[in-house]
Amino acid sequence: MVAYIIRRILYVIPIALGVSVIIFGLVHIAPGDPLNAVVPPDAPKETVELLIKAYGFDKPLPVQYLIWLGKALEGDFGISYATGRTVSDAIASGVVNTLILAVGGIFIGTIMGCLIGALAGYFQGSWIDKLATGFAIAGVSVPHYWLGLVLVIIFSVELNVLPAMGMGPGGSTSWTWDSEHLKHLILPVITLSVIPIGIITRSVRATIAEILTMEFIQTLEAKGLRKGHIFTHVAKNAAPTVLAVSGLQVGYLLGGSILVETVFSWPGTGFLLNDAIFRRDIPLLQGVILVLAMFFVILNLIVDIAQSVIDPRMNRS
Amino acid sequence: MSETILEVQKLKKYFPIKGGILNQTTAEVQAVDVIDFVVARGETLGIVGESGCGKSTTARLLMQLIKHDDGEIIFDGYAVGKSGGITTREMRKRMQMVFQDSYSSLNPRLPVESSIAFGPIVHGVNKSAAQKKARDLLIKVGLNPELFSRRYPHELSGGQRQRVNIARALALEPEVLILDEAVSALDKSVEAQVLNLLMDLKAEFKLTFIFISHDLNVVHYISDRVLVMYLGRVVEIGDVSAVYNYPKHPYTRALISAMPSMDPKKRTEAVPLVGDPPNPISPPSGCRFRTRCPFSEDICAIKEPILIHTDLKKRQSSACHMGDPDSGHSRTNLNGLPK
Amino acid sequence: MSTLSTNSSKNLDAGQIITDSPSYWSSVRSNLKNDPVTIAFALILLSLLLSAIFADLLAPLDPYKTNMLKRLKPIGTEGFLLGADELGRDMLTRLIYGGRLSLLMGISPVVAALLIGGLLGLTAGFVGGKVNMSIMRVMDVFYAFPSVLLAIAISGALGAGIFNAIISLTIVFIPPIARVTESVTTQIRALDYVEAARASGAKSLTIIRVHIISNVAGPVFVYSTSLISVSIILSSGLSFLGLGTEPPQPEWGLMLNTLRQSIYVNPWVAALPGVMIFLTSLSFNMMSDGIRSAMDIKL
């Protein structure tokens, strides 16, 4: 297992490098001169020359990549020419705000998913099961940006009980624990939790149903153990799957929140990306994507390792 | 036509085991560790040994389904895959194989007729002729083509599927048929039927069999000669009657004494095998059997006993120091062993 | 040997009582026939497809005809069954026409990815060894991105446009399809019937054609139909972000985006395009599930 963990950690290096190559390549798949992607068209001549030097646009591609990578590793993603702020500043606050949504979404998603999935798995074949399964499949099929919109229509437009936009009063861009901020959090978090609810419900249901047919549970039942004890056993056995699925979902939410943030004008990375796309601000695009992708890579690593620790029987090659 | 159809020289196959931090090769399974034997035209050579001793690997090497690390396969006097010899493809047309698992050896998406016709079509026979041939072969293996040719594997019983597999192997009109545990998964009564079918087919098509099994009774029943493997090596080879009645190698003796349905009068007092064979990744030095051999001495750990000769003329030979008067083992007269 | 029976081996086996032998596909067909839910969703999908194809015949009005007097009319307005959008265009008409681009942008990336990813996965799985390593490690790198993020990254760099959106989504779906194809191929390649085919002297391409593809196609196809569901959501999502189609083209994601500005005026009209996206994605998911269980495939 230790060898597996070390190997798994080492494996992050080539993956991370590969990810960085793809992100570096974004400048080059952008139409037109890559220089145009990083310099505003109306920039003064001296600035352009300075930037050519800084990015090494006069050097061969691999050298450009190394220069870019070196800077990125120091947290220097360049200057967003749209806002004039350094990209890393913008990203730092955005990432925190996105994480708030993602963690909130996964929190609700895991609790609800386990609950519904356990019920469905326990009462397999009943109407509860059918309802839960239908709900789960709807959850993974729903365009969440539309769901967000529907929630806004219901709770903000029609009922006028929850705010439709932003993170807090007065265009707040940093989190504080007060009722206003919490109110703003409700709709986007519910929106984001729907996909994890669907996925976690499905996998918990399958896991529970499988475990319940396993011999040791039937032995426990035969021994006349109380339902509560059996539940503990089942929970213990289902935990690794739930952990893995939830862990990975956090990563997908980091990506998925982009669209939801757009719906709710939430000042996170999605909002930044939207900005970057709208203004064709490639350094900002690269920076945000790099940070989010690295989060996802690390998360995958943590999930894999945690799983191998919790459940060493699992067969890994 | 020479008397020898197949000759195996110093055949070796080690499987690398990946592991460690960089997933590098950390060890090797010595699945087949330098074996020699010959197969006479028209005979049945049985290959026996405990599970994991390298029987299937030997079969797959013979078919060139896996590449050997070392050694040579000579088919009908021609080195396989060598210049001046014959190509693997030519050899495969003349030597075919039946696998143990009757289900996984048939494509579930093809009706059995198509599975049988596949080989001939590959070798240029046109489709309708190949289909006719498939139907003829179904009759030969005892399945009515009217009923069976369009069926899918999941609609057949294990015995029926194995008959189809035999038909498929015969479709290329091979001279040699390798049967790797071909009847081992079948019920006893079906096993007997299929064995009899094999004997009939052998006579009808003048086949040579290499019959692999861990079941000594079956091998006794069907073979002319028998080859005993232990941990990737040949420990004894010879005529069935000689090897079964006068086993020279202590391993063969142990195997035979453990045979369930033998005549009780014939039972030897040799200690039956206990425990599992050692790990083929790090086999014992010298004689590989010494860790389970009641007659093991110092010399057995130092010196590796060699199989004296594999010549067809020799009725029996074994790789044991006790059979070699100059080996330095204290009991060199094997025949004097307690029987 | 006494323990072995010496009955004539040419006796026909007992299995001959079964005269009618259903093939695999006919059992799949009968499984599907007994699954009304799957059939219902298949019919929904079919009608969505047909109405997109025959939009010219079905739609009551011209999808591009603006009418400032009818701007943002609610659902049920006379002559505008599902209301009108921010430029007074008939919603029903635009929803019907919208299916064309939305379905095209949702389905074509998966088809393209099926061809490319399938080929990569098949090659990796069949050849194995170093070839497998190099192909699958590159796939792993793409897999390291959450799919939405990768789609937005590539689309964002390439710029808006239908073609760019299709390219970026194709790139998104190649790695998962390659992975599934590779794992199924690797499993099948190790089976004895493939060994037997090799032993009969068949060339690799023949083996792939006759023995591998027929067994890999089912699971990969089923998996791909479930990806179409994701693809519909993502492609409309790209349009929603302004990265897909451009106005005034009717496309569900883009319609959702432009109508979003008007939710305080006419909220429920704004929600309509999303209903279409949801329905399409749900239908693909349900159908994929139904086919999967009918084909008895475990992924």
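Observations on the structure shown:
Think of it as A, B and C in the order they're written, each chain with its own count starting at 1.
In the analysis below, contacts are C-beta pairs under 8 Å (C-beta built on N, C-alpha and C of every residue); 3 or more make two chains touch, one makes a residue touch a chain.
In this text the structure is predicted, and so the values were computed from the model without any measurement.
If you sketch which chains touch which, every chain touches every other chain without exception.
The chain pair with the larger count of C-beta pairs in contact, out of A-B and B-C, is B-C. With centres set at the average Cα position, the gap from chain A to chain C is 23 Å. We define each chain's centre as the mean of its Cα atoms; on that basis chain A and chain B are separated by 56 Å. Rounded to whole angstrom, the centroid-to-centroid distance between chain B and chain C, based on C-alpha atoms, equals 48 Å. Chain A contributes residues 3, 6-7, 10 to its touches with chain B in the complex.
Residue ranges on chain B touching chain C, taken from their complex, read 60, 63, 65, 88-89, 92-93, 96-97, 99-101, 104-111, 115, 118-119, 122-123, 142-144, 147-148, 150-152, 154-157, 159-160, 163, 165, 168-169, 171-172, 188-189, 191-197, 199-200, 217-218, 220-221, 261.
Within the complex formed with chain A, the chain B residues making contact are 19-23. Listed in rising order, the residues of chain A touching chain C in the complex are 14-16, 18-19, 21-23, 26-27, 29-31, 37, 137-138, 140-143, 145-147, 149-150, 152-153, 157-158, 251-252, 254-256, 258-259, 262-263, 273-274, 276-278, 280, 282, 285, 289, 292-293, 296-297, 300.
Residues 1, 3-16, 18-19, 21-24, 191-193, 195-203, 206, 210-211, 214-215 of chain C are the ones that touch chain B when the two sit in their complex.
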